[in-house]
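In what comes next, chain A is part of two complexes: it sits with chain B in the first one and with chain C in the second one.
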Partner chain A sequence: MIKEILKVAYARAYVRIKGTNRDITHYIADVFLPLFGVSAILFAYKALNAPEIFLASAAIGASMMAFWYNVLWSMASQFYWEREHGNLTLFVASGSPLTGILLGMALGGAFNMTLRASGVLILTIILFNIKLNQAAILPTFLLFILTLTSLYSLGMIFASSFLRFGRSVSKVNELLGEPILFLSGVYFPIGVFPLAIQILASFVPLALGIEGLRELLVLNKSMNDVIWIYLLLVFLTFLFSFIAIKLLRKMEKEGRSKGTLTLRWE
Partner chain B sequence: MGVKSFIRKILSLVWLSYKIEANWTSIGNYLAYITVRPTFTLLLMIFIFVAVRGNQQFGYFILVGQAFYNLIGSGIMGVAYTLWDDREHYRMLKYMYIMPVNFSIYLVGRGLYKYIEGILPLAISFIIGSIIINVPFTELHIQWSLLILNYLLGYVWIVALGLLIASLMFFTTEYGWIVIESLMASLLLFGNIIFPSDLLPFPLNLISNALPIKIWIDLNRELIIGDLNYFNFQFVELVIMSFSYLIVALLIFKESEKIARKNGLIDIVTTH
Partner chain C sequence: MIVMDEVVTTINLSRYFGNVVALDNINITINKGEIFGLLGPNGSGKSTLIKILATLLLPSKGEAYVFGFDVKTQYDKIRRMINIVAGDDRPGYGILKVKESLWFFSQLYGYGIKEGWKVVNSLIEKFNMQDFAERRINRLSSGMMQKYNFVRGILNNPKLLFLDEPTIGLDVNAANEIRSYIKEWIKEDGERTILLTTHYMAEAQQLCDRIAIIHKGRIIKIDTVEGLLKLVSNEHVFEIKTPLIPEKLMDSLKKIEGIKALDSESDVSSYTTNLRIVVSDESIIADVISSIKASGTKILALSKVEPTLEDVFLYLVGRKLK
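Coming up: the complex of A and B.
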């Protein structure tokens, strides 16, 4: 079963990676467009005479934003769109495990976004002469991977549960966009929030990831100092993956019995 | 076309837009939905100021800039997105096109609804932002008549930008989105929104000076706090700039429409 899931995941990830990267203009747009926004934020910090750490923090946070949008628009609502286009019926009829398709969507999306986020971060570093702690590359890489696994596991939960929604799915996505970015402190440290909101934010993988990256790359902290973030991200990955698989099976079963797997134009 | 008939058409289009936008839920849910996103976008920017504990004047600068930036986004999307939505999503563009309404007026009317709708999130996010950065409401001496005039004037250049994007949307759908995003992102950078655009290095500051948004946003800041209470030269400059943009945009739109019609692109569906 695991071999089958991995084969399906590879096939789905291949399509996603090939499809997204076949046109270089999309890559250029995906890297250069966020640069306008990041530049505006960094100019605002400069206008406020903020210390350099704020600029570096905002650069990291802004480059991570793409992952959240990818989770919402290319994970959460994906099964809904597949159903609208008639592909979901084919997926189910083919006998491919839906968990493999979800995993492939996550792997492909994470790979594509990593290419783009790296581009945004590198260009921001060059343009604004931002200094990051280069000695923390390995712990940073590990933290980054854990952030992606937990974030995309959350995306898998959304993808399973969003099958319930009709055309209001895009509205739900829009409602989840900016509030989570705000809670994650993409442009500012979440330390500015009251304690209760900080605790709430610690269940959001994006917030944990950005905070961890800041501590390692900007505040020069060691892996031991932020070990709680690593542990929490591992915990969230397992928890979200477990919930996602359960939910997906439930939705598939419900969909088959109620005939909603093929329902379109709701 | 008489003024009465023109107003009737515009009002019908505004009503139509409302019906299309809001028919998926109850009015209460819809109002909450349109408010959430702009409010959190504003909070994202306001907390830059909160994190640094900057001076309140700068907080006010960001507050007004971002609150009105959301309105601009709403207006531009209202005009440009309608073309895409009608063609690709609802597949109704061909029917709209044969209506006895000039096509550019159709887009202006549809976009106007989004511009009007934007007032609610603007007001709510402004109040929430003011509370966060401690702007005392008693210190605001809003010049209502001039502010409303500026609001109406804003729609002139916003329509112009929307029509320019719509002109491009005739020929592409995929890249049309990139253009919309580029325009909105560049307005955030060049538009005097969250930092004074004079800080931009040469020659980027020249781009900012050529955009009506810079004067428009500054006028909003001055009119809300009450620093300006008469129709000054900035207004004249804005009127000239806005209508110049509109005339150019209408000419380009007309030409694009002609080419698209000739090439059979009006109702083409690319499923992007």
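Coming up: the complex of A and C.
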């Protein structure tokens, strides 16, 4: 069963990677357009003579932000679009594991966004002469991977639950977009929030990831100093994946009963 | 009890969507090796029945078995043996090439990574798709799309293939090509069975071994094409062309005794109405002509025609299949 899930995941990731990178102009747009956004923040920080760490924090936050938008617009609503195009019917009727499809969507999306986010980060570092702690490469890489696994596991939950929605799906995306970015501390540390909001934010993998990267790359902390973030991200990955798989089964069952697996143009 | 050769069996199968009855006590059996047609107008329940048999939708009442497996509980066993091709679908991803998209589906159907490419390449060759195998899905014509979709549908060599309006929207040549593939595919292996839904009479007549006429969620009649035609073999079918006729005249024509079925089709652009009338006794047509003339309406053409499945539908349901 695991072999089957991985094979289907590979096929679905292939579609996403091959399709998204077929047209190089998409890549250019995905890197340069966000660059305008982060540049505006960085120019503002510079004009205010903000400390260097503010600039580095904003550069990291802006690069990571792309993953959240990818989870929302490409991952969460993916099953909804698959249904609209008639693919979901074929996935279900094929008997192949839907978890493989979900996993493939996550892997493909994460790979594509890593290419794009790296582009944004590298250009920001060069253009604004941002200094990061280069000694923390390995812990940073590990933290980055854990952030992505937990973030895309959350995306899998959204993808399953979005099967419930009809056309309102884009409104749900909009509803989740900005508040999560606010909680994630994309442009400022979440430490500025009251404790209750910090606790709430610690369930958002993006917030944890950005905070961890900031501590490692900007504040020169060691892996041991932020080990709680690593552990929490591992816990969230398992928790979210478990919920996503359960939810997916529930949604499929409910879809067969109510007809929502095949009902289009609601 | 399910007999071995029975690929599909439904027992008092019903499906409701709220207060709407989509399927009402459907009892059918489909045997191994046959092309079984479901003939009915849009909204008659054809696609709902396919969705239930393809394990995508649960019945509200009754039972359905595919290869002896219960669609409600043993869906995982059924899914590996079936596939679906819907005429109005554009499956896959627009940005992928035909070849890549077929490979993607091959992975869902259980092939290995390399094995998938082999199977796809051989099918592309077999179905002469080389000239558009490298073309993106979003750049295919309707005919190419349907050919690609058909090949996708047989990728897993299904034992039961659901064809839901497979030639809808295609021009005559493209539709004929798909029909010839369907005939060729089922002939290749006696273990294969097709459930075809269509509202094209000629398609049903050309392809199906048996046909179920479905209307408003109910099966009206199941028989072979010959058997269905026999229903109207003793009847006489006339076509009358007149200038547009008012509702009032239609109502009075319907009241003429001896008319088994009557349907009209008006064309506002040519300002004409075509009447198709099924009668047991040819002399009744004289009463029809008299009634039309009495209303001051001219008769532009009158002909006696050979009964077709269209007339069977008209005879059984009371209106033409549109």
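By definition in this document, the second predicted complex is superposed on the first by the 266 of 266 C-alpha atoms of A that agree within 3 Å, B and C clash if a C-alpha of one lies under 4 Å from a C-alpha of the other, contacts with A are read in each partner's own complex, and residues count from 1 in each chain.
FYI, contacts are C-beta pairs under 8 Å (C-beta built on N, C-alpha and C of every residue); 3 or more make two chains touch, one makes a residue touch a chain.
All figures in this text were calculated on a predicted structure; none of them were measured in a lab.
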Return fit or clash for chain B versus chain C, each positioned on chain A through the superposition.
fit
So, does A:A93 touch the first partner chain B, the second partner chain C, both, or neither?
second
Report for A:L261: first if it touches chain B alone, second if chain C alone, otherwise both or neither.
second
With both complexes superposed on chain A, which partner does A:Y45 reach: first (chain B), second (chain C), both or neither?
first
Could you say whether A:K246 touches chain B, chain C, both of them, or neither, answering first, second, both or neither?
neither
So in the superposed three-chain picture, is A:A29 touching just chain B, just chain C, both, or none of them (first/second/both/neither)?
first
Once the shared chain is lined up, is A:K7 touching chain B (first), chain C (second), both, or neither of them?
second
Quick check on the superposed model: minimum Cα to Cα separation from chain B to chain C, whole Å please.
8
Need the overlap of the two footprints on chain A, from chain B and from chain C, as residue ranges.
none
Interface residues, chain A side, partner chain B - complex:
25-26, 29, 33-34, 36-37, 39-41, 43-50, 54, 58, 167-168, 171, 174-175, 177-179, 181-182, 185-189, 192
Within their complex, state which residues of chain B touch chain A.
24-25, 33, 36-37, 40-41, 43-45, 47-52, 54, 58, 62, 175, 178, 181-182, 185-186, 188-189, 193-196, 199-200
Spell out the residues on chain C that touch chain A in their complex, using ranges where they run on.
17, 51, 54-58, 75-76, 79-80, 82-84, 86, 89-93, 95-96, 100, 103-105, 107-110, 112-113, 152, 156
Spell out the residues on chain A that touch chain C in their complex, using ranges where they run on.
4, 7-8, 10-12, 14-15, 18-20, 22-23, 85-87, 89-96, 256-257, 259, 261-262
